[in-house]
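For reference, the structure is listed below as structure tokens.
Chain naming follows the written order as A, B and C, and within any one chain the residues start at number 1.
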Amino acid sequence: MNDSHQDVFDNIKGTVGDVTVDNPKMRLSNVDVFYGEKQAIFDVSLDIANNEVIAMIGPSGCGKSTFLRCLNRMNDTIPTCKVTGEMSLDGEDLYGPNLDTVLLRARVGMVFQKPNPFAKSIYDNVAYGPRIHGLASNRAELDEIVVGSLQKAGLYDEVKDRLDAPGTSLSGGQQQRLCIARTIAVSPEVILMDEPCSALDPIATAKIEELIDELRQNYAIAIVTHSMQQAARVSQRTAYFHLGKLVEVGSTNHIFTNPSHELTENYITGRFG
Amino acid sequence: MDKLHLDQHISQQFNNELEDIRNKVLAMGGLVEQQVSKGLTALLELDADLGNEVSTADFEVNKLEVEIDEECIQILARRQPAASDLRLIVTVIKVITDLERIGDEAEKMGRFSAELTETGQVVNYRKELRHLGELVKSMLRDALDAFARLDVDAAIKTAARDNDINTEYESLSRLLATHLMEDPRNVSMLLKITWCARALERIGDHSVNICEYVVYLVKGRDIRHISFDQIQSEFLSKP
Amino acid sequence: MTEQTTQKPQADKPASAPKKDTTALVRATLARRYAAEKRFRIYGIVAIAASLSFLAVLLVSIFIKGWPAFTHTFVKLNVTLDADTLDIGPNPSSAELRAANFASVIKKSMREKFPDVKKRKEKKALYSLISTGGEYQLHDMIKADPSLVGKTIDVWLPADDELAAVIKSGADLSKPENIVTRMNEQQLGFAKILKEAGDTKTGFNKTFFTAGDSREPEQAGIRAALVGSALTLLVTFLLSFPIAVAAAIYLEEFAPQNRWTDLVEVNINNLAAVPSIVFGLLGLAVFINYFHLPRSAPIVGGIVLSLMTLPTIIIASRAALKAVPPSIREAGRGLGASDQQVVWHHVLPLAMPGILTGTIIGLAQALGETAPLLMIGMVAFIVDIPGGFTDAATVLPVQVFLWADSPERGFVEKTSAAIMVLLAFLILMNAVAVLLRKKFERRW
């Protein structure tokens, strides 16, 4: 960090806006994340609410993805990564003894930046999660889950004739919807999305955004995005991260018309910051 | 407009576009102010030539409005402005609408003053009209000033002055009503004067709108239809 | 003021000047650049052509030299299987039969064929035209059909390697001075007579694929070495593949990054560079001298070669695992798969083609390896075809080495033929690898 960054960093004092909601699905309080000696997240508190899309925006390297990955402990695989703070899902401690990572990830699903279907058939891609978790007791049940998930992901009509085709044979947007279907198949409670549309064309993006809006009825969704317009379109609440701190949280309407913090303003209006 | 940091976008082109719009709005404000001033002079001095000049010059105001509107739409389409930029564009679109209406009112005054010159009886109300006119002119000037300097305090204080104008207008219109009843022969002339007074009063209202937009632009809050006390307590900076 | 005006154009020039000249400048360099590219392409083509021609020369020379080994010349003799001459009684036992004097039967028929030959030296020259393999052939015939005893039959008996070489070369026997052979003039005379009488033929050399090694080139076969190589490679594969893949998976997917794993990594890389003969010495010292495993056995050869192959497969497997996109691992974990499930369900299937390629490269290397096997005694003269992992055996490259070292003319072609068999073995292995890879490979 050079001096001007240091000044900016020092001037971010706490978070503007209300970080809590009533009946949160996930509650994160005073989260710090370290990669070895380097601290990536500084004292971030944020609630994830049910039936709501919360968008996390901010410049590259602001810690939004890191923060998202804390929510289902994807950072566990990085040996040098250390997470402190209180994090809970429905009041259960994320790092507590009752919430094994495998169980946690079954409850908190994740969709990644690059569509990453397995090198298996479309059917097997969706059926994989239910299979390893034993969610279906027979083939008919599994079929039902797979078809249901593909339908919810808005992909079923496009692939119903070729469920045996490899998942990788689909187009980029279809692949991403397949990945979403795969995530839904495990019936998670929260869906995390890490820039799900950054590799897609505008039409595929629009379809995914429409899907996200539909999924909101049943899930809590947290989405990290580089596209401010996307955050504005899909989310109900927006959180702005900068230099590892959560600068501002508020309703998306508020953030995009009249943000309270100067840094938020600078970021979303494309000013030097 | 330094508070909005219009020159700090990463896109230099965007900076230029916003600067251009801002300059055009200020130019339009100046033009409208001049129109009002000329219209008022024409009315008070019964200068038919000046009145005609005002009513024909209105097209320039209209032209500017269309131009600025066009540029705003282009920015909305191409830049998808957010936050203060979005508020600026929305404010500009509204301000120029009001400015255009003010221009129309000035044009109306110019037109009526040319007609009144023929009868030459405006003399009786010159004092009242001048008083009302000066109030309106200074209010419009201050409103545009507040817009140019993004001065919320000035905007709120300026908006508050609309009450004086209304009071003045009401007393003038009462006077005109009395005279109308007394001497029905002058109906046509008196109606024209009433309309001129009405035009001045409308300019005051439009100026209030501009002041409200300034508050929205700077503070992000819509203060229309909120009691003045509340506005004062919320937005006026404490001395 | 004047200063400013004179300076201004200078200041402007660098900004505007290059734009103007770009086209011209680029055009000036274009020809040179294309020429360089063309030159480079020619270098490449020349390099490829050179290596291809070297390969072609090598293969052609091997083929030309080795091809005759797959055929052999036979001489037709009218043999009287007279019990007295054979020195056997009626219904001979197999022991009696083995001791029977087939040589004299053959000699007799030879004498009948060339009644003019009287001198002892001449007779000896005549007898040497037929390989001792002829005796075995007669033995096998009588053993299969004892009623032949006492009858007179026409048989095709294998010719001696010198005679065979001359006949196969198609040389003009009427001009003996042009023929390079160890046969003397007299023998060439006999050969000419035999050939002109139509009593010689050249046919497929079955012996080469059915027999073990022999001191006699015409009786020497590749089978013992082939089986030995197959057994050794089987041991190598069974040992090195699972161990190497397991090691690679552990190191790549599960091992913590610390000084110990770094050390292991460095050592594996170093191990790949260790001269193979060192592994041979190790095998000799540890497996034979200490554990008393049998000498010259495929099991020891296989173990030693696995030591040598392990690092190759580990390195290739790790590279293959590393090449699996991390997004796949994330996808698996994101769905709640455990680390093991991620590896077994997703990473390993995607890495399998690469792992198989590495394995085949390692095994091909092992197949061609001679030095370590020399150390553990697989260089021995093995006549019998090994029946198991602990039987004494030799392998193809060692057989090539042995034959190349033998003075007899017949072994020259055998050497080349053995190389051809070795190459065929390699091609077969690679074909299997390609097939397996096709099967496992998935479009990503």
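Assume a contact is a pair of C-beta atoms (placed from the backbone, for glycine too) under 8 Å apart; a residue touches a chain by one contact, two chains touch by 3 or more.
Just so it is clear, the model here is predicted, and its values are computed rather than measured.
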item: Geometric centre: closest chain by C-alpha means; value: A
item: Two chains sharing the most C-beta contacts; value: A-C
item: Separation of mean Cα positions, chain C and chain A [Å, integer]; value: 57
item: Approximate Å spacing (C-alpha centroids) for the pair chain A, chain B; value: 49
item: Centroid distance [mean C-alpha coordinates] between chain C and chain B, Å; value: 99
item: Residue numbers on chain B that touch chain A, as the complex places them; value: 5, 8-11, 14, 80-87, 219-221
item: Chain C to chain A touching residues, read off their complex; value: 256-257, 325, 327-339, 341, 345-346, 349-350, 442-444
item: Residue numbers on chain A that touch chain C, as the complex places them; value: 72, 74, 77, 79, 101-106, 109-112, 114, 116-119, 128-129, 132-133, 166, 168-169, 179, 182-183, 186
item: Touch list for chain A against partner chain B, complex; value: 228-229, 232, 255-259, 264-266, 268-272
